[in-house]
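What follows is a structure written as structure tokens; I'll ask about it next.
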Amino acid sequence: MIKIEAIIRPNKLDDVKAALDALGVQGMTVIHVMGSGKQRGRTQHYRGQEYIVNLLDKIKLETVVSDAEADQVVKAITQAAATGDIGDGKVFMSRIDNALRIRTGEQGDSALK
Amino acid sequence: MIKIEAIIRPNKLDDVKAALDALGVQGMTVIHVMGSGKQRGRTQHYRGQEYIVNLLDKIKLETVVSDAEADQVVKAITQAAATGDIGDGKVFMSRIDNALRIRTGEQGDSALK
Amino acid sequence: MIKIEAIIRPNKLDDVKAALDALGVQGMTVIHVMGSGKQRGRTQHYRGQEYIVNLLDKIKLETVVSDAEADQVVKAITQAAATGDIGDGKVFMSRIDNALRIRTGEQGDSALK
Amino acid sequence: MTSSIRKRLSTGAGKRLVARPVAVAILSTLLLLLHRALEAQQVSGSIDTGDTAWMLVSSALVLFMTPGLALFYAGMVRSKNVLSTTMHSFSMMAMVGLTWVLWGYSLSFSGHGSLIGDLGWLGLRGVGAAPNPDYAPTIPHTTYMIYQAMFAIITPALISGALAERMKFGAYMAFTFLWSILVYCPVAHWVWGTGGWLRTLGALDFAGGTVVHISSGVAALACALMLGRRQHLGSEELAPHNVTMTVLGAGILWFGWFGFNAGSAIGASALASSAFVATNTAAAAAALSWMAVERLATGKATALGAASGAVAGLVAITPAAGYVGPVSSIIIGLAISPLSYCAIQLKSRLRLDDALDVVGVHFVGGSFGAIATGLFATKAINPGMVRYNGLFFGGGVQLLWRQIVAVAATAVFSFALSIAILSVIKLLSGIRVTREDEAMGLDLTQHGEVGYHLEAV
Amino acid sequence: MTSSIRKRLSTGAGKRLVARPVAVAILSTLLLLLHRALEAQQVSGSIDTGDTAWMLVSSALVLFMTPGLALFYAGMVRSKNVLSTTMHSFSMMAMVGLTWVLWGYSLSFSGHGSLIGDLGWLGLRGVGAAPNPDYAPTIPHTTYMIYQAMFAIITPALISGALAERMKFGAYMAFTFLWSILVYCPVAHWVWGTGGWLRTLGALDFAGGTVVHISSGVAALACALMLGRRQHLGSEELAPHNVTMTVLGAGILWFGWFGFNAGSAIGASALASSAFVATNTAAAAAALSWMAVERLATGKATALGAASGAVAGLVAITPAAGYVGPVSSIIIGLAISPLSYCAIQLKSRLRLDDALDVVGVHFVGGSFGAIATGLFATKAINPGMVRYNGLFFGGGVQLLWRQIVAVAATAVFSFALSIAILSVIKLLSGIRVTREDEAMGLDLTQHGEVGYHLEAV
Amino acid sequence: MTSSIRKRLSTGAGKRLVARPVAVAILSTLLLLLHRALEAQQVSGSIDTGDTAWMLVSSALVLFMTPGLALFYAGMVRSKNVLSTTMHSFSMMAMVGLTWVLWGYSLSFSGHGSLIGDLGWLGLRGVGAAPNPDYAPTIPHTTYMIYQAMFAIITPALISGALAERMKFGAYMAFTFLWSILVYCPVAHWVWGTGGWLRTLGALDFAGGTVVHISSGVAALACALMLGRRQHLGSEELAPHNVTMTVLGAGILWFGWFGFNAGSAIGASALASSAFVATNTAAAAAALSWMAVERLATGKATALGAASGAVAGLVAITPAAGYVGPVSSIIIGLAISPLSYCAIQLKSRLRLDDALDVVGVHFVGGSFGAIATGLFATKAINPGMVRYNGLFFGGGVQLLWRQIVAVAATAVFSFALSIAILSVIKLLSGIRVTREDEAMGLDLTQHGEVGYHLEAV
């Protein structure tokens, strides 16, 4: 099993979810995060005090899929999340050794469906 | 070392924490997340506009444990978090290559205790 | 590629970011989490009802770096985040199989820069 | 709360013309006659613009307390129930705001029955611009009516603190609809209506200690008993989700309470001013003593505690506000917080789930205040309305036992009726949401919306 | 909204002295003469402290509505636009608060023109302590002026709900600056100014149905059309970010609206009281009927719906408040919510992005209220100001067609001018932010700040 | 702020009866005598219901400012200190609300000393329903007393902005307790008390520029110096955690300030109306000029800036409100924001940690307003109270130097005493929390609670 972690723009979440839906991937976990990278921050002012904020709001979407599906899923996410401007985000893939459905105790790939 | 990520119902956190406590596992990190899966969302209405929200509030609990403890911990979490209804959540296990306690610089298993 | 997950005190985030900046590491994702461990919680009272809260506010900082940089980055984080008191936090390292920049489709180490 | 006697006396005093040595005898005579004529006119019902201004403002202030209460309560529940709790208050502005005009005012204030009003003022027939000399001789009758409406609105909303986070919304609406008719209107008539038996008996309730706080506090107990405990009671997760909201709510309540208590003088008089001072002083003293109790009990004074204490003090001074002096109001304020605090600890030990402590604050506060009125009331403050001084001011137990009768009668009546109404609704449709809905939160399951989307999307 | 005739009548009634049998004939005569003298003085302009107190309070209450509106609107947008939306209201307190004193009051109320005021009161020259008998014979002229200022402040702020989340801040300021001069001042003069053509025609608008709600509601339509739709319209992410904020805003609006409507009696009179009752009753009825409509349409009554209904009811009763009785106000309140609700569904189907439903609430509510005034107005409630009874009270269509004329004229005028002003600004500087800035949020891109840092740092 | 002379004059003017040609000579004579008698009665103390209504409302409004201040300040701190900051304001309602009744009012207003009151009115002995002709001849003495209480409550709360996020709660309570007695009461007596030396000197302070704003602003400086800087000063993390809370707070402050300033006319008079207009106008102008300054300095106007500007304008107009016309109030409003803004930038450069800019807003605003009073005051606005016109109105430096003396004396006195009190407390128990507690947040460490649990549990 592969864990896919995608860091995307908040306003792309709807599109990405739709793309995953189209693939039949429903299981996912979404986290509000803040990210920094190449995208430059915006300047904020509070009573004239300047703060350059380079942590920007992002969404992290995690989904664990079977090895077979992984590439397809990554591709779908990438396409749906891209705008072409700096700040589109990253996708990371890593190995999951086991998965378990709490409700039933199922393990492995069958816990994911 | 094994990283155990459990996605559970928010109102099961207390029970799960108690179960881990009973095993002597105190180190853990808890994150508010939103998840979708088999559990169907609820319909929301704002001035008659309908939104079917399928991202539901969940808790993600992460704990890194030694290889030896892993199975026991997963079992404890699973038991404490289960209600038997759809939406109970998942547990994922993956390998951690190293752990380090910032305060002391200890590494490996001894950083976890 | 190595994923470095550091759980630190919220008020150390600025220092840690500065240390990473000094190493040229700009890409990172930051999450507000709650953690429990050795650090004892604080007692809260609401109308005389006592709650011992042992989930304390922490920051989780994730950064994926090339294998070569990993040790240096961990060291920088550790130094910047340490106060010597209980509750300084942990750093976990794990393997990432692939990384992908959504904007360009670049993969591997080059997606990280 | 109001009587034509008091009003006439105080206005008369204010208008009494003092002839000066320079004024000739004939002028004195004319002035005396003129004064009588003015008095006559007063009684026959001309409107004083100052009194009317104050009563319109007071009505607005008391209305504003209900959104304040919504904040006060909603800050104390979990975020998944914040709108449900808000609706418990806001919906009373809608429902009782309407039913009061249709029949509530009539059932409470018309006629001369001893137990309940009649239907003479149904739909406000006959309630017009001309002052009603029985209730409010210097302001339009409509002003008095709408001022009273605001009390009728907030009272059932107060109950909602006990049933938070687990009652079906439909059942809540049905319960408050019936309660308003079967409990509020009669009790209001007993205490304030012409002919009402507690008024006739001589029990005193300046601004609603029995009518508002005891009746709702006891109904809250009935609700807590009938609904049972929330899941996870006692665990950390039941901590308030937004204490700043609760403190803001307490601030709005304090502000609005000036309309509630000082407005109960039904005019911009010295009596209103005296009630205003008592109100502010008791609230301050009670907030301070709650902080002190917490400091002793747990080592730390909390913001929630200060807010709770202020509200407890405001409740306790409500029945007494127009009858006691500032030193008495300090004593009342200082005393109520330890009492409420202990009642709340007792509740926790009994594992009674009066979620937001309506019993501890409103029943305990209202009862203590009503009895304190029997101890501290004095003609020196209010010669027009106090028939017997309180026990500590040399009046013996004459007033005190009347106060105890009023407390007991209101408590028994409201408790019995509340249990009965809830039992009927339980039978017909159920009163509690399912376990799953409770876990999911009432906002989503009862109202189909959520309170917050605070994160960027 | 006010006329010296009404004022004189009601005060006269209030002060009429009834001679008693005991009073000798000579005293009666003297009193009569004295009464005449007092009346004369009234007209020639002495200040009544009760009326002044009420009007100062009403001014403060209406001012407070604007921060209330800021909450009401800001709770409904996404968290990244919360400050932008807040500023749309707050900045009007700053800008119109200043321009009203400089020229706005003069353009609206001075002179006797039929279309607009003149510059006679520029910078408040000649607006002093002495009452103005045309507008407010019993209070300082400055009090009347500042009371009117608060209406001029909130009206452009109301428009901002339609343009939320996508308009450039500079363009917003320019638009409201010009709109205030070119639309608000003329329409206020038409309806309330001496010589104003709608006033002369006999159209009735007690507290601003046309001046405030129709003019802003129609301008909102113009803004929505000119700006186009927000990105992601229709997706989940456009849900309100903080409904408790919106409900608190509605609570403050309800509270402040007593100043708005009952204050429009320009005195602490029985008329003010009657308008107060109509206001509260209509708000309650409309909140309840919105809940009922939702219950039928979606199965669940929402807190956002109750708040929206209350505001719709307050809007609808605004033009009628001082002319209709309580039963009429119930009917108006019950009817407006289904109308507004349907209008909003229609808007969604047309994919018109009136973001926070200004058209559905203020244009629909204001128009309905104005027309309902033509149906329900009655001399029984307001003999001084109602020339023809409404259709349902036997007055035929005399009043009704005047009301329709007023609605139509205001709507056409405001719509045309709004489109014109926006077109000019669009040409000169653009009115909409970039796609990227819209995605990032207006708080950061237009104001360089963010609303919340709620997490511990 | 008040003098029997002003009051009598204005009331006299309002009640002057103008005989009409139709009135016979004998009636004129009788009326004249009657008028004298009424005047006499006025002086000897009858209550005007309109004035009383306005002053009760004003008292409520000023009380409401303190929860407003709690929001204004609490929105600007980090979420871990939100309750601590809230408590800094709310606890003053408790503590000073009590001590004012016990001794504060007496120390400030009783007797005829030049430096401080005496103990004649301890526990409100002798402060009753009858008006006090020295301070407020047309309202109950209790009303005047409680109105003043609200000023005494908010003043120490204002200081708390400087010491936010790092002071021990116990030390804060001890400091404000002593400061209230040793600084507030004397200064209030100097300026407003009978016999007070600044009053006798002829310095003008309509609603508390020196008493409230300078005294607290300077004490804030003392606190900032004595406590030292917060950890992490200058880093991003010190950004406000909830700006909407701050803007709502500013809205409540603006609303309440009408009671503060227009209430300081101690009656519903033309003077109150004039002060009301000046207040609103200055607030509007200052909010606008702050936005303009920000636009120039950083390219973007912020919501925090608009709110800060409004408060700065309200502070600056406070001492002048009852003495200046609308154009002067515009100038005062426009000028204060650049001044405050620069003072705040200077503070940052000096790395002085006046956390929420009490010095920049209240000391700078109060001083500027006091001096502006010396420039713009005019008998045309207030013939009863202005002895010498301001410099720009032909009065020379007569008033100006008196104003400068008042500013300097108040500033020096408050600064010295504040340092002294803090030093004593520092010695006895310490004033600052530990580094660890500061990092953890004051809510948890000082109060044992946290502000928010916004996430679902």
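Read from first to last, the chains carry the letters A, B, C, D, E and F; within each, the first residue is number 1.
Heads up, the rule we're going with is that a residue touches a chain if its C-beta (ideal position, glycine included) is under 8 Å from a C-beta of that chain, and two chains touch if they have at least 3 such contacts.
Quick caveat: nothing in here was measured; it's all calculated off a predicted structure.
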| request: State which chains count as neighbours of chain D and simultaneously of chain F. | output: A, B, C, E
| field | Partner chains that chain C and chain E have in common | value | A, B, D, F
| query | If you tally the C-beta contacts for A-E and for B-F, which one comes out higher? | reply | A-E
| message | On a C-alpha centroid basis, what's the spacing between chain B and chain D, in Å? | response | 47
| Inter-centroid spacing, chain E versus chain D (mean Cα positions, whole Å) | 31
| Between chain A and chain F, what is the gap in Å from one C-alpha centre to the other? | 53
| For chain A paired with chain C, centre-to-centre distance based on mean C-alpha positions, whole Å | 18
| remark: Multi-partner residues in chain D (2 or more other chains touched) are 30, 48-51, 53-54, 57, 80, 236-237, 239-240, 268, 298, 300, 302, 304, 448-450, 452, 454-457
| query | Residue numbers in chain B touching 2 or more other chains? | reply | 11, 13, 31, 43-46, 53, 57, 85, 94-95
| message | How are the chains arranged in terms of who touches whom: line, ring, star, complete or other? | response | complete
| For chain F, which residues are in contact with chain A within the complex? | 234, 236, 239-240, 294, 297-298, 300, 302, 304-305, 308, 341, 344-345, 348, 357
| said: Could you list, by residue number, the parts of chain C that touch chain E in their complex? | reply: 10-11, 13, 32, 57
| remark: The answer for chain D against chain A in the complex is residues 455-457
| task | State the interface residues of chain C toward chain D in the complex, per the touch definition above. | result | 43-53
| query | Which part of chain D faces chain B closely enough to touch in the complex? | reply | 80, 231-232, 235-237, 436, 439-440, 444-445, 448-450
